[in-house]
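For reference, the structure is listed below as structure tokens.
Residue numbering begins at 1 within each chain, and the chains themselves are lettered A, B and C in the order written.
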Amino acid sequence: MYFSAKNLTGGYGGVNIIEDCSFEVDQGEIVSILGPNGAGKSTAMKAILGILNNSSGEVSLNGQDITKLKTQDRIKSGISFVPQTNNIFTELTVQENLEMGAFLFDGDINKRINEMYTLFPIIKEKKDQSAGELSGGQRQQVALARALMTNPKVLMLDEPTAGVSPIVMDEIFQHILNIKKQNIAVLMVEQNARQALEISDRGYILVTGKNAYEGNGDYLLNDSEIRKSFLGG
Amino acid sequence: MDFINSIVLLCNFLIIPALTYGSQLALGAIGVTLIYGVLRFANFAYGDLMAFATMSVILVTWYLQSIGVNLGVLPTALIALPFGIIATIAISLFFDKTVFKYYREKKSDPVILIVVSLGVMFILNALVRIIIGPGDVVFMDGARFIIKAREFKDLTGFDEGLALKSTQLITFLTTIATASLLFYFLNKTKTGKSMRAYSDNEDLALLSGIDPNKIITLTWVLVSILATVAGTLYGLDKSFKPLAYWNNLLPIFAATIVGGIGNPLGAFYGGFVIAFTEIALTYAYKKFFVYILPEHLEPNSLVQYISTDYKFAISFAILVIVLIYRPNGIFKGKVI
Amino acid sequence: MRNNLDIKIAFSIMALLLIMVGFLQSWGVALSIINLCLISAVMTMGVNMQWGYSGLINFGVMGFLAIGGAATIIVSVPPVPEAWDAGGNGIILSGILLAILIYSIFFIHKKTKFKFKNYIIFFLVISIIPIMKIIAGPSIEAIESINSATTGFLGGFNLPIIFSWFVGAIFAGMIAFVIGKVCLGLRSDYLAIATLLISGIVISVVKHEEWLTRGVKNVIGLKRPVPYEVNLQNSEWFIKLIEYLHSSKLSSIEIIEERSAMLSDLVISSSGVFVKLSFSLIFSIVLITLLIFSERALKSPWGRMMRAIRDNEDAAKAMGKNVVKRHLHIFIIGSAIIGFSGAMLVTYDGLFTPASYQPLRYTFIIWVMVLLGGTGNNYGAILGAFVVWFIWIESAPFALFIINIVLSHVDSGNEFKIHLIESIPYFRYLMMGLGLLVVMRYRPKGLLPEKIIKN
């Protein structure tokens, strides 16, 4: 697999929130991490990024072990992350948000920004506005675009559709599908499990910090037990 | 004619002094606001940092004067400025590494950082008074006036004189130039933008690959430049007195909050707001009204809202009004 | 248990140091250090209540001290009848008017609701100054013109000066109420800046309102709660007491003239010590009373609630505690104690000099005392006051001693040496800064940390 995290264990203050979790994503694939509240989904994300101080496990990207790298170096190696909240620079303009996203990007920034504007046409219209003035859905697009600026190989999303209306949710999922077409490995944590599985190639279901189920989207959607427990019937 | 005289009068006693004082406050307030925006605490040592910076400039100025270097009509201190800036950067970074860094890494409460900045304040204050003494130092040389009141009268034939000290013009121009450069840097360059990004959202800045240590070092460098320029301009205009810088810190804080703490452009305007209000409210308008009103309406009191003894009260009143009605400052704008 | 031990050791060392000063320098010096330590300890207890019990930053200590100081004048100085005749009525009238204005502003703010409310309040606040100028201006001018070289102010009520300590506390509490109403509830850093500015305004007032405090012309020769040296020297019981205390020494001298000369020397030097000792006694009573009360308060349900609010404001709010109101109470009480100590200080000095109030000395040194001694612990605050004041006074002779040793080979006309010796007063600021930074870094809770009270 292109990007894998194996046997992740860790938490805060000596209490392990996740235990022995493993995830894999291939290029051009969308993989969702699902589960009830408090299952450790966001903690798993942090462990993969190396933000969690005391965690163990192995993370590898394209065959290279990146476990030893610090968060900033993992980002340099091609992973990009969109946090659930505070995921844009509200005081900066949309364009400046994208420029900051490309802080580590060596190529032609303007070209890359224009590519983002084609991918997310709505934010082009707002490019000179403060990102904080945008609507929830537009902010989320800015956040995605910012994360894509470095031309990452892996995109990690922490609940990209939290707190947005169903219409905006569909729109965001559509954008994520477009991102997948660029041969990027997408790993996302989602609360809206059913909708997320509909666009996902595969999914993991975490329960109390452990891998409970995994499989392709259709399988998870159609398994009656999983439906009952996690997808609300 | 009387109308023109009254305008000249206001220029001489209100507008020119307020522009000068406002420039001094504006530069100081930008410095305080930068520290607040990036390092997230109110630095009570800032007044004494300005005093230290000015002292360094004075020492170099004295050396330059002793070897006979000068700038003709301009004050020698302008050549000494870069040396003062270097000394100030050095001491700022020294205190950052030895003092502030520890609390930053521990993510201490801002209140603790305020208290710690008091310690730095004491040390800087003592250093300045030990090195250069507590007294007044006049280090202004070159031409004192661009135009004197009498020359102006002779030139124009007005009854009112208009005096423009060279320090006043230098202060204003330098402030505009420094502030413009700073705003260009913050808004147009990649590093400046990354500084704003860091101030806006530290975590996301880290995720974008912005190096926090570089940003913090850069902030201290900018703050030291601003402190040196502001301190030197103030010292040239008035005279150097260590405790005067401490007293200036209060209106500077007021300007910072009025402009929205963490907002450099707001701090810039805030400096002028405080200066103009302070001077406009403490100026005695009697002579002004004598010019513009018919004789029987002339006032017999000073027509002064409040005596200059209470200028602190003006900063405070503005501060309280702003804090109650517009806690984020009266200027909408980008917060660093 | 361990904590108690620390307290005993710390205070014993302090006592030992003070006794050493007594032997090495003089008992007069030692006692004046002790007296100022005691006064500072009262100040630090006030600040400690605000900062240590409830995390409020009050950088306006200097202002409250000055209010207390001004109270001594209003209470103890004899009235100036001519001045009262000239402008007394005007001042009383304007005082009443001012009170009405302030009350009506609060009333409009609190109790009414209409469209242009904020503008009306703004207008009223702005108009206070011109109104006061028109109403009180002529009276002030009249008062200040009467005998301006010696009086030029209203004088006071000619009451015993001890009253002024309580009056100072009440004044400070009243001002704290107004400030607290406006500023509490602001973010902590804003509160720090706001209180600092207010203390600047208070100093401007006592400096420039000459009709009230004589301003920069100072008031000297204030009353005392203890006897004057001259009176002691002429009172029989005091001479007898000294004679009795030194009887063995005196009886060894044969010649009568020499003996009486020695006795009068002893009486003169002892009278100073006796006065200071009397002050120490009164100050100690104040401090101990205050300590007992605040230790009780700290252990009471009220103290528990204050600490709970400090440690987790949001949780306290969620439990239905009115945090701002509690903060207002503690702000008033703490400021009143500071005002009390301000009056004590002026009483001890015997003069009121508004121009001498500097924030470094009268606000931030007090803060260093609290932070160094132990935030949230009364014994710590008191220890901090003693240690810091001791260093403050003794660092100058100490620095001189060090400079003379290190530069003993340098001739005394050397410019560098002269410069250093002239700079000695500033070395103590350096010590304060270093001390503060070291304590904040390595013992962030102070020398005597807050005791965790288990319930």
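To be clear about the criterion, a residue touches a chain if its C-beta (ideal position, glycine included) is under 8 Å from a C-beta of that chain, and two chains touch if they have at least 3 such contacts.
None of these values were measured; they are calculated from a predicted model.
Engineer: Central chain, going by Cα centroids?
Structural biologist: Taking the mean of C-alpha atoms per chain, the most central one is B.
Engineer: Give the label of the chain whose average Cα location is farthest from that of subunit C.
Structural biologist: A
Engineer: Taking each chain's centre as the mean of its CA atoms, how far is subunit A from subunit C in angstrom?
Structural biologist: Roughly 59 Å, centre to centre.
Engineer: What whole-Å value do you get for the distance between subunit B and subunit C if each is reduced to the mean of its CA atoms?
Structural biologist: 32
Engineer: Roughly how far is subunit A from subunit B, centre to centre by C-alpha average, rounded to an integer in Å?
Structural biologist: 46
Engineer: Flag every residue of subunit B that touches subunit C in the complex, lowest number first.
Structural biologist: Within the complex, subunit B contacts subunit C at residues 41-42, 44, 99, 102, 110-112, 114-116, 118-127, 129-130, 133-134, 243, 246, 250, 253-254, 257, 305-307, 309-310, 312-313, 315-317, 319-321, 323-325.
Engineer: Touching residues of subunit A toward subunit B in the complex: what are they?
Structural biologist: Within the complex, subunit A touches subunit B at residues 71-72, 75-76, 81, 83, 86-92, 96, 99-101, 103-104, 130, 146, 150.
Engineer: Given the complex with subunit B, which residues does subunit C contribute to the contact?
Structural biologist: It comes out as residues 55, 57, 118, 122, 125, 129-130, 182-183, 186, 188-190, 192-194, 196-198, 200-201, 204-205, 207-208, 358-360, 364, 367-368, 371, 419-420, 422-423, 426-430, 432-434, 436-437, 440-441, 444.
Engineer: What residues on subunit B touch subunit A, complex-wise?
Structural biologist: Touch list, subunit B to subunit A: 190, 193-194, 196-197, 199-201, 203-211, 334-336.
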